[in-house]
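See the structures that follow.
Okay, so subunit A shows up in both of these, paired with subunit B first and subunit C after.
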Partner chain A sequence: MTFRRKYEEKFFRGLCFLFTAIIVFALVQIIWTIAQKGVPSLSWQIVSQEPKGGFYFGKEGGILNAIAGSFYLAVSATVLAFVISLPVALFMNIYLMKYQRILMGIRFFLDVLWGVPSIVYGAFGFTLMMYLGYKNSLGAGVVTVAAMITPIMIRAMDEVLKTIPIGLQEASYALGSTKTETAYKIFFKEALPGFATAILLAFGRGIGDAAAVLFTAGYTDYVPHSFSQPTATLPLAIFFQLSSPIEEVQNRAYAAAVILTLIVLVLSVSARMLKPKK
Partner chain B sequence: MILSRKLTDSISSKWMLACLTFCLLLPLAIGAGLVFKSTPLLSSHKLTELLFSSDWYPSDNQFGFWPFIVSSVSVTVLALIISIPLCLLSSIYLTQFAPKWFLKFMRPVIDILAGIPSVVYGAWGLLVIVPLVSDKIAPLFKADSLGYSLLAGAIVLAVMTIPYILNMLLEVFSQMPVELGEASLSLGATKWETIKHIFLRKGSSGILSAFGLGFSKALGETIAVLMVIGNVVQIPQSVFDSAYTLPGLIANNYGEMMSIPSYDAALMFGALLLFVIIIIINIIFRYIIYKSELI
Partner chain C sequence: MLSTIESIHQRDVTVVPANIPIVEIDKLNVYSKGAHLIKNVSTIIPKNKITVLLGPSGCGKTTLLKCLNRLTDLYPDLKVKGSICIDGENIFDPRKDITSIRQKMGLLLQRPYPLPMSIYDNIAYGIKLKGIRNKKIISEKVEKHLREVALWDEVKDRLKTSAQRLSIGQQQRLCLARGLAVEPEIILADEPSSALDPISSRVIEEEFIRLKSNYTIILVTHILRQAKRLADNVIFMYYGEIVESGPAEEIFENPQSEILKEYLRIGH
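Right after this comes the complex of A and B.
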């Protein structure tokens, strides 16, 4: 009996370790595969030029259009989402402090929203865009991605604001400040390092998503100059070039994947480093 | 001076409230917009026919979503069958057996896995998983497969859901009260018996919710699955058959949906279907989590 128990313990301990090792191995394998395929095709030309004639048959050019487009899109969407999220998160933690039930309802609601897949946001963005009579454009993409990352950002900010002690709020009122002043001068400053994490998280989500921009942002070979022009994005550049039968074009897709992975890696590592220690 | 401060305060609180209302109305707007767009289809076809018919001939005005629903659900279930044991046992290892530094090392690893964009997972699937399925796994079962199959989609999807589920499971196991484990150990149970009989039971609602939310996450995944699953409209008979998921259908056909009548309505109906299913799943499992946090 004890014999069996001892070996059951050993067996499962080993199995647990094995499965953890598989997960680490999967990550290493993914990054290694993409790097191995993509790094040889990385060159200055790829990151610094727009596609030229015959680019999609393997000739001259780069993916500057997609890199710049992705940055424009993700930065604008993050700014827009921030402008909406900040008041909401502050409102929840200052005005609604007394109404815990409502507050919990809102948190629940935002968590549910987090689960909505990006393709649904994309389809909705597309519907809205057609309804208002706009064409595929950077602006439409920005609005769609912003709608997608706003719940994520609010919840991340909310988690930071939640940890601020109520005494700070009371002290601020006692000194005669209004709720707005408490919100923007005290709470905002106090939570700023935590907000950086929230922003990076949302930015990473925005830059990596393909399904939401597929309908709305369009695709073009040029770097966009205004919000009404269509724009290329990195995920779509990878997706479209991978479906090409020509090997050079495919290799460039892997190079683009390396660039995108690097951006996301830097974002997620810096988000973790900025995270305030509990 | 005081007046202007009061004015600022009242304007800014109204603005905050407006932003909040906007955020709360957004999902309603999404639902309403999608319903509005799919009305033409709903008024000309029966709902049961749309859901359970497998005739998909858009140019003949026949829209049966059954093959897509079956494909989506089966690829998701298959993915979870792969990822659930991995996540469960490795979260147990990380919180119970492993040294502290290893958990610290794993957190960024999970973060990175979670952050990798789905199109990169798709590219990895094309490079590694598709050939693996066609050259190694399919011959093993004496089946013919091009590799673009349900199984390839499920493997890629499983890897994508791992960080999501694992994070939630780590949360569940790290909130386990220490005394509970100590009580069990002092009664003579081994570490594994404690985990099996005490922790798994105590954390069951959290664990179940993690799986449920993982399921909804996987169901909505678009690009990565689209790239490796083959996209053939059929009800897959085996795991080596190609399939076509609901999100994949929407993403793949946005270009031509304007040229065929009712096609755009059908795609929007697909999006609506996805939206409703995922919202319901999310509400159920989030509710379970909230209930268990209150106790």
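Right after this comes the complex of A and C.
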């Protein structure tokens, strides 16, 4: 190897290492900051009680309203998004295979939707809610978040379905399956581990988003008991409580941040572990 | 055109009593984005014989095979013209139910593609598609077809485990059993031993010889020696055309065209 090539190799390896280190450092720094401020205020009381005396001024109580609210919201939205996404993703990969141009258009369209900022979904949900005469509620939040994560879920499922080899399709059709049977008996089963990843990915986006629920789900001190009641969510619990002048309330915000980060971290790790090992 | 051994000297005679046609292909043309993949192919494939589609890679053998059960429908770019009759029925007739046409044929691909389910369910899948719901009948058939491909003894203790854990040779035999379970008349095989080790591919070949008394086998291969071991009839293709076809002895012993002579000489 010539002198130049040798140093070129070293230089670029160093560069890669440097930037990787920066990224890892940033992540560690974020987690460290949240943990430092949030972990000391984590307690059984925080996770098991609703805030007392108002979430903004009350020093007592916890953030159960936000934890429960976020779970209700994200689980419902994910279920709703899954019910919509599954047929769409299968339709794209079974029936639309003949129309590659339309398929390309749909994929592009979904990618654009993926990139739309969540506040826009929030505004859209708010307009829809007003038009239909609903108030801030868990239901409105679910619909808005579902609208936001559906394109993500469809595209993630679509990417999984795209990897199914044509040979498996041929084998299925050759046995005399109809398209529907191929879709739900063969494609669905083959793609199931990948679908789990898609669902977790969408769930993670849903639970962590503040802007989509800001106008639609509202905020409350109580755990909701129906879809028509407003609900608190973890991202908004951070947003509102952090702006409080009272230290105990601020600490609750950091505790909420720790919990939210943990949830998203666990989701990402499980999504990774569920990925098919092929 | 195919003829029997009895009519060696009458090559133009297409059908004699011993050769009952099961597949009749008439003026078949396949185009793909301007390329002409199959050029005006007309031929007859006789029942209960092994017909080998022979030829170099890219000559249209696989495309022709996939036309037979209309898997060409899966490829948006392929345009198929002409007619293929199986048991006298035109498979391109839009009024015909494509799933029942496909169930007349079992398909074996270059690589095995087991369905994402257990060994048992892989075989039972096709049986259930035929409307059989009785569990006892299904399990009898599963056993019968696994025995038919000599796989039963190897898998009988783990029928409920995933088929994807089998070795590739076992998977290919499973795929054969799966195809037989829908009780087809024809077995379509597209270079079925190309991914297998010599022993597994020999097992598949022996299966074919045993199966031909009950089934018609159409085998795509570019392996000359395999063709010689198995073929009753040979269709030699080159660039989308049938160059020569006839009984195996005649094709291998007495080739007419220069291309086939060359192919036989090099391929040996």
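Everything below uses one rule, namely that the second predicted complex is superposed on the first by the 254 of 278 C-alpha atoms of A that agree within 3 Å, B and C clash if a C-alpha of one lies under 4 Å from a C-alpha of the other, contacts with A are read in each partner's own complex, and residues count from 1 in each chain.
Here, contacts are C-beta pairs under 8 Å (C-beta built on N, C-alpha and C of every residue); 3 or more make two chains touch, one makes a residue touch a chain.
Keep in mind that this is a model prediction, so the values were computed, not measured.
Asker: Given the touch rule stated above, what does A:171 touch, subunit B (first), subunit C (second), both, or neither?
Answerer: second
Asker: Answer with first, second, both or neither: which of subunit B and subunit C does A:203 touch in the superposed model?
Answerer: neither
Asker: So, A:99: does it touch subunit B (first), subunit C (second), both, or neither?
Answerer: A:99 sits against subunit C, while subunit B stays out of touch.
Asker: Of the partners subunit B and subunit C, which touch A:219 in the superposed model: first, second, both, neither?
Answerer: Neither: A:219 stays clear of subunit B and subunit C.
Asker: Given the superposition on chain A, which partner contacts more residues in subunit A: subunit B or subunit C?
Answerer: Of subunit B and subunit C, the partner in contact with more residues of subunit A is B.
Asker: Tell me the contact category for A:118 with respect to subunit B and subunit C: first, second, both or neither.
Answerer: Once the two structures are laid over each other on A, A:118 reaches subunit B alone.
Asker: Scan A:186 for contacts with subunit B and subunit C and give back first, second, both or neither.
Answerer: second
Asker: May I ask you to decide whether A:195 touches subunit B, subunit C, both, or neither, giving the answer as first, second, both or neither?
Answerer: Touch status of A:195: no partner.
Asker: Both subunit B and subunit C contact which residues of subunit A?
Answerer: Of subunit A, residues 178, 181 contact subunit B in one complex and subunit C in the other.
Asker: Looking at the complex, which residues from subunit B come into contact with subunit A?
Answerer: 5-6, 8-9, 12-13, 15-17, 19-20, 22-24, 26-27, 29-30, 33-34, 36-37, 85-86, 89-90, 92-94, 97-98, 106-109, 111-124, 126-128, 159, 162, 166, 190-193, 213, 216-217, 219-223, 227, 247, 250-251, 254, 267-268, 271, 274-275, 278-279, 281-283, 286-287, 290
Asker: So in the complex, the part of subunit A that touches subunit C is made up of which residues?
Answerer: Residues 97-100, 165-178, 181, 185-186, 189-190, 192.
Asker: Inside the complex, what are the residues of subunit A that reach subunit B?
Answerer: 5-6, 8-9, 12-13, 15-17, 19-20, 22-24, 26-27, 29-30, 33-34, 37, 84, 87-88, 90-92, 95, 104, 106, 108-113, 115-124, 126-128, 131, 147, 150-151, 154, 178-181, 183-184, 204, 207-211, 214-215, 235-236, 238-239, 242, 253-254, 257, 260-261, 264-265, 267-269, 271-272
Asker: Subunit A touches which residues of subunit C in the complex?
Answerer: Listed in rising order, the residues of subunit C that touch subunit A are 66, 69, 71, 74, 76, 99-100, 102-103, 105-107, 109-111, 113, 115-117, 125-126, 129-130, 175, 178-179, 182, 188.
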